[in-house]
Amino acid sequence: MANKRYAYYSGCSLEGTAVEYDKSVRLIFDALGVDYIEPEDWSCCGSTPAHTIDHVFAAALAARNLSIIEKMGLDTVAVPCPACLMAFKKAQYFMEKDETFKEKVNELLDEKYNCGVYAKSTLQVLYEDVGLDEITKRVTHVIPDMKVAPYYGCITNRPPKLAQFDDPENPISMDKILSAIGIEVCDFAFKVECCGAAFGVPKKDMVNRLSAKVISMAIEAGANCIAVACPLCQQNLDLRQEQINKTTGSNFNIPVLYFTQIMGLAYGYSPKELGLDKLIVSADNFVHSRLTKEQHELLKQEQEKGKKKEVKKQETQEEENP
Amino acid sequence: MSGLENKEMKIVGFLCNWCSYGGADTAGVSRFKQPTDLRIIRVPCSGRVNPLFVVKALLNGADGVLVSGCHPRDCHYSDGNFYARRRLEMLKRLLPFLGIDHRRFHYTWVSASEGARWQQVVKDFTEVIHKLGPLNLTREA
Amino acid sequence: MRVGVFICHCGNNIAGTVDVKAVAEAIRKIPGVAYATTYMYTCSEPGQDEIKQAIKDHNLNRIVVAACSPRMHELTFRKTVEKAGLNRYYFEMANIREHISWIGEDKEANTKKAIDVVKMAVAKVMQDRPLYSSSFRINKRVLVIGGGVAGMQAALDCADGGLEVVLVEKSPSIGGMMSRLDKTFPTIDCSICILGPKMVDVAQHDKIKLYAYSEIDEIKGYVGNYQIKIRKKATYVDWTKCTGCGACMEKCPSRNAYDYFNFGVAPTKAINIPFPQAIPKKAKIDPNYCRHFTKGKCGVCAKICPTKAINYEMQDEIVTEEVGAIIVATGYSLLDLEKLPEYGGGRYPDVISGIQYERLLNASGPTAGHILRPSDHIEPKTIVFVSCAGSRDKSIGIPYCSNFCCMYIAKQAILTKDHIPDSQSYVFYMDIRSPGKGYDEFTRRAQEDYGVKYIRGRVSRIYPKGKKMVVKGVDTLLGSQVEIEADLVVLGTAVLSNPDAAHLAEKLHISYDTFGFYVESHPKLRPVETNTSGVFLAGACQGPKDIPASVGQGSAAASKVLALFSKDMLESDPAVAKVDINKCIGCLKCVRTCPFQAIKDKELRDGRIVADVIETVCAGCGVCTSTCPCGAIQLQHFTDNQLLAEVNALCLA
Amino acid sequence: MKTINLTESTDWNFIEEVKKESGQDPSLCYQCGNCTAGCPYSNFFDYPVSQVMRLIQTGQKETILTSKAIWLCATCETCTTRCPCEIDVAHIMDVLRIMARRENKVSEKDIKTFYDSFLDSIKKFGRLYEVGTLISYNLRSGHLFTDSDLGPKVLAHNKIHFLPKKIRGSEKVAKIFERYQESLKKHG
Amino acid sequence: MSVDKLKDAVKQILNEVDIVIGYTEGFDKVHATPLFINTQDKVDQLIWDQRCVHNLASYLPSLKRKKVGVIVKGCDSRTIVQYIQEGLINRENVKIIGLPCSGVISLKKLLKAVDFANIDDITFEDNGNVNVKTEKETKTLSLMDIAPDKCKTCQYPTPLIYDILIGDPIKSDKPKESVYEDIIEFDKKSLEEKLAYWQKVFDRCIRCYACRNACPMCVCQDSCIAESREPHWISQRATLTEKFMFHLIHTVHLAGRCVECGECERACPMGIPVNTLKRKINLEMKELFDYVPGVNPDDKPPMYTFNVDELKIKEHKIG
């Protein structure tokens, strides 16, 4: 782990409406000893809009950044935003597959890109490269009341041909990470349903209806908090929650945190450091109920003393009656 | 017919009766279009293919030779293709030493149900031979 | 040498893209070719007569037919030339259909290729030698692998025909998939009621020797004379003592064993008899769950067994059987629900497979025939059936149709209404495939008489919402998304080959396709034969098949065996290896490489050692011929000179 | 419902064009409808995805390129992920949008305007300038108050920069735009 | 080592065998020639020095049913090992007298070194010097300069198999990598260069079959397919194609069997590097199957066996 150096491409959103995602990712990377460096003078990946113009053009916008990273001598870029991730992966996929496509893209660029950089989501870096053991080791705090619906969003690990990570229908990496830091994870059916993505501006109603469905399914699953890995998801579910309530007549009030913010809480960082103040729906109650591991241990021991005998009985019964 | 003289390469295929010849039949029944350069010699088993047949064909003016048998473990005669694999691999490695491009000789495994795979093999191999052009090993007309 | 060449038009199949007249023209010029002509359908009776006549008229002594694949009609024409008085091996076929006219688009190139290929055949036929078969005795016993309905039918037909049958079944009871079914379409008769008597017949037939819970370890030999090693797997119960009383099963304290018979709908005991009608009705211990094996202590069954049949020390046992033919009827398996993550397969207990639902419907199933959903044992009112769950899905490597799901889903929907009159069933389908007799009427009845709602479209997602399963799909006829809140979802999971199908095929030397289904000799005309003589196929091991088709194939395979065994002697294929003892230097490399141990060393009277082929054992692969450095051992009909003639005819041209 | 005269209205070139530009074969589609079933936007589409695929198969160019559906697709990749025929449906939708733009047949002006504002921001600054994009969109689309209700919230939580962050290499990014425009002229 | 020890050994085993094959003086000073000893009185004719180039093991298969004693050098012993692997001799019928050897002469090189002058006398010193007396001069040469190539990279100076070893075993001081250096070097040439080379050298072939006749592994002899019509692999035409074919038949038949004794090249009157192609295959056999011919009697020649999973053979892509 310690040897590998990543490029870290935060993307435009993380400089604006999603600064707290950027903050928390950096904190978590530091805490876990992930060596990363921000490429200098990166530009926008092109995102969805560029793909409505032309595929070569879209790939060029993405490849400009990959080329900068390649020149830095790095081969992996950690990307928190799924839209940027997909833009990079698509550029990489088509350029590797099709030599003439590659040439066309390079014609638009100042510095040619030789397809030597692989994009990984922040989630993938943490889950695969850092590993659950390391993630658990660093935990200092427990948030006993938190019940999270892990919401991956539509393109964090889809389509599988491009993503090459986790299951496209029932991903588990975020579930596992959150469980590893001691958070209760709900069985959430809408892990990968789309929230409405970038249509928040031109098609507000559409987004409100889709996001409402996601939130209601999270509550249905028993969650009191939604964990996300995408700035657009966060924006649609959190910033627009009141808008949603108005248009759909619902009455939601559920905090929507980046999964890295939740990790930060378990690692003992302050709400301010993690940018929790940026959330529209407050997550303060989780901050208040947060305990250190030691405190929590004491509490647990007391509770368990009374129960021990019962548990043993149950165990034998279980085997007899499945 | 004259127009074809330079368009076609001479490609010989040795196909085992049970798998690859059947695979070529399957491709035919399915009407999987293929280039017309290949001429097939039916043998009972790829193990029957003495590497010297390949040599003979190349020396006699073939531009490429293809041998195809049953997939390993699926030989109709249980072990024939295992012998073929060793012998043909030996030949494949010898050819470049003689100054013959190893791509002119290919051996592979195609089962009787793999019509589409056979089509691909023929297409790809023919394309390679066309790229390599005619072979004249002994400068004799 | 007077070669006659017959070039077939095959209607338009060949003549459409090959100039057959030009081919005949070119071939006529080859020295030795005495006669060359074209014919519309050479394989037809007049076509064959034409060959016979030409042999007479033109005094021909070698024949080449340029037509379809020799795999199709070589035998036909060999018989023709034989009837005209020639040795049947004075015949060659040039494949100008499958290998030329059907695959090449350029008529000029096709014609040139056809000429080359016929030239090669002419060159070879000139090298052909007359060959004569010898005959050998056959062992008139037959091995049937698999005791499902196809295998049982084959076994019974063979046994009734007077043959001794060895039936090997890998699970503890015969009956196969059919014994799990509740009812059968389109008649809705009780599956076990019609199968049960057949199972008893198998058990009681004095010509059938049943090895249940056994597998094939090794197969040696050839048609007429096979040696089979059968592995009798350890049951830990002495079946000679077990009476099937079931006392052990009642008292066994391990209740969490996986129930293979019921496809895990509910658990079973570690010692169990799979179902009440099982044959043989004997108990068997599952060591993965038995406490004696997992924890090292228990022994309840041993204590309770009235005949002291329990034997924890039992080991697998290998027995050898000798047979002359083999019928393979190993059936199919089903796609694992977990391979369908978007349907929550394996994660949500109320998403089950069709075969599991069959067990819920069945009176001897774990719910005693009451439809109770697995999660909370409550009777479901809204049931959604999803057909093509995995079938026709290239993205998971199953592009084919599973054949009978449409029909059993209709049946299950009908039965559901019978069981729960106030229920509503929905069926998601892409196409209703019901081409059998009375089949389409049956699916219509489901909709017309039983009110089953058929929705044309695929299901995209299934997820839980409270106690319901939300099925989100599409009605493409309406052109809109649809959602159903169901109590239970039944998936018509894809039919797969058996996981060990390839393994068995390798032992049998038969072919299997990309999906593991066994390949028949000809898809239309030899549907139960394989390319290995003496080995026949029956049932779904060849491809997804419903009960009537499987039974039909079982009988067909049996009739093939009975026909084969109608003679006492079999003619051997004379295309075997032959040693020229004057050339053989006795290095015996052929003995080393022969895959069939068909070559032995022999001492001549002058003391020289040479190789000697046992003709009946030689399978004709020719590995020896390509091994022999001095060309002393030649595979007849594929000799070095014959193949060289082809190479030279092509390359030196 | 009007009768579609397949003899006259099937645009075979269009079928080939889609095939070529997308690298996908629409004839593989057997209309199971899985794409429509899973599409989060189906409710808003004028033609569900599976019908868009069918319209391609039947060469109904005009209908598709003027449809709203192709613009309401957010490329969430659900269709691509679940297609049993392994067709990259989302990619085909991308291609259709490109074609619609090229032929000036965009029906969903607002979305196009939003995308254009987005791209303008990139061209100008090298990165996305969220406020600028929104204002530019509101001005161009005429929807002057889109998301103005969110303004105070964003402000209160200090989530946005009011000044654009122009990167040093912004002219290099702009050059990508320019070169692309030039290449269009060159290749026609 | 004195020849006396050798003679004693031969005398001793002559009681157990029908015949012992050794070396004796040839028709002139530079030639040795095989000696077949069937009576004690012939033993004294035995010689042993650097002129003893012949691979005497070659006689064994034709004497398969006799009890034979044979004198072998390290290189010759590989022939015996290979015969055993292939079952071409019965080990119990053969008595092997092994002679450690640090090199022999190549007649062709010697003649070249003296400018093809007539040689009157030749003597060998222990330090590797060879004194040659010709009609014109007396010259001292270094043995390694006039030794066949195989001696320069010899890995087996001591016989690998023997019943009696005369003299002390010698360890090879030649690096292992040196054995196929020339092959690897040649293979680096372009395809065109390589083909042109073989066309040139094979064109010299006069199809005298001396190489085949000298080859200890060419056990077919009279049944050789180069001279047969059943099967008819090659015609008698003296074209390059047929010459090429003959040499490839020889090569393919020796695949994984050639013990690199070099008798073929020694016998060739046209100076064709007959052994090179076989050595190329040996290089591949080593790489593919970790097999070296004639080293371990328990090995199986790779062309007559197989592994279900071949670790080193990967499926080839077309092109």
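By written order: A, B, C, D and E. Residues from 1 in each chain.
FYI, a contact is a pair of C-beta atoms (placed from the backbone, for glycine too) under 8 Å apart; a residue touches a chain by one contact, two chains touch by 3 or more.
Quantities reported herein were computed from a predicted structural model and do not represent experimental measurements.
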| item | value |
| --- | --- |
| Where chain D and chain E overlap in contact partners, by chain label | C |
| Between the pairs C-E and C-D, the one where more C-beta pairs touch | C-D |
| Of all other chains, the one whose Cα centre sits farthest from chain C | E |
| Greatest separation from chain A - chain, by CA centre | E |
| Whole-Å gap separating chain B and chain E, where each centre is the average of the chain's CA atoms | 36 |
| Computed distance of Cα centres, chain C from chain B, in Å | 29 |
| Distance from the mean Cα position of chain D to that of chain A, given in whole angstrom | 25 |
| Distance between chain centroids, defined by C-alpha means - chain A, chain B (Å) | 53 |
| Contacts with two or more other chains, residues of chain C listed in rising order | 342, 593, 627, 640, 644 |
| In chain A, residues with contacts to at least two other chains | 168-169 |
| Overlap residues in chain D, where contacts from two or more other chains coincide | 43, 78 |
| Contact pairs between chains, per stated definition | A-C, A-D, B-C, B-E, C-D, C-E |
| Parts of chain C lying in touch with chain E, wherever the complex brings them together | 580, 583-585, 587-589, 592-593, 607, 627, 629-632, 634, 639-641, 644 |
| Parts of chain C lying in touch with chain D, wherever the complex brings them together | 342, 388, 392-396, 430, 456-461, 472-476, 479-481 |
| Parts of chain D lying in touch with chain A, wherever the complex brings them together | 40-41, 43-44, 72, 74-78, 80-81, 88, 90, 94-95, 97-98, 101, 108, 110-116, 118-119, 121-122, 126-128, 130, 134, 137, 141, 146-147, 149-150, 153-154, 157-161, 165, 167-170, 172-173, 175-177, 179-180, 183 |
| Chain B - residues contacting chain C, complex | 1, 3-4, 7-8, 10, 12, 17-19, 21-22, 24-25, 27-29, 31-36, 39-45, 47-50, 53, 56-57, 60-62, 70, 73-80, 83, 87, 111-114, 119 |
| In the complex, chain D residues that touch chain C | 30-34, 36-39, 42-43, 47-48, 50-51, 78, 82-86 |
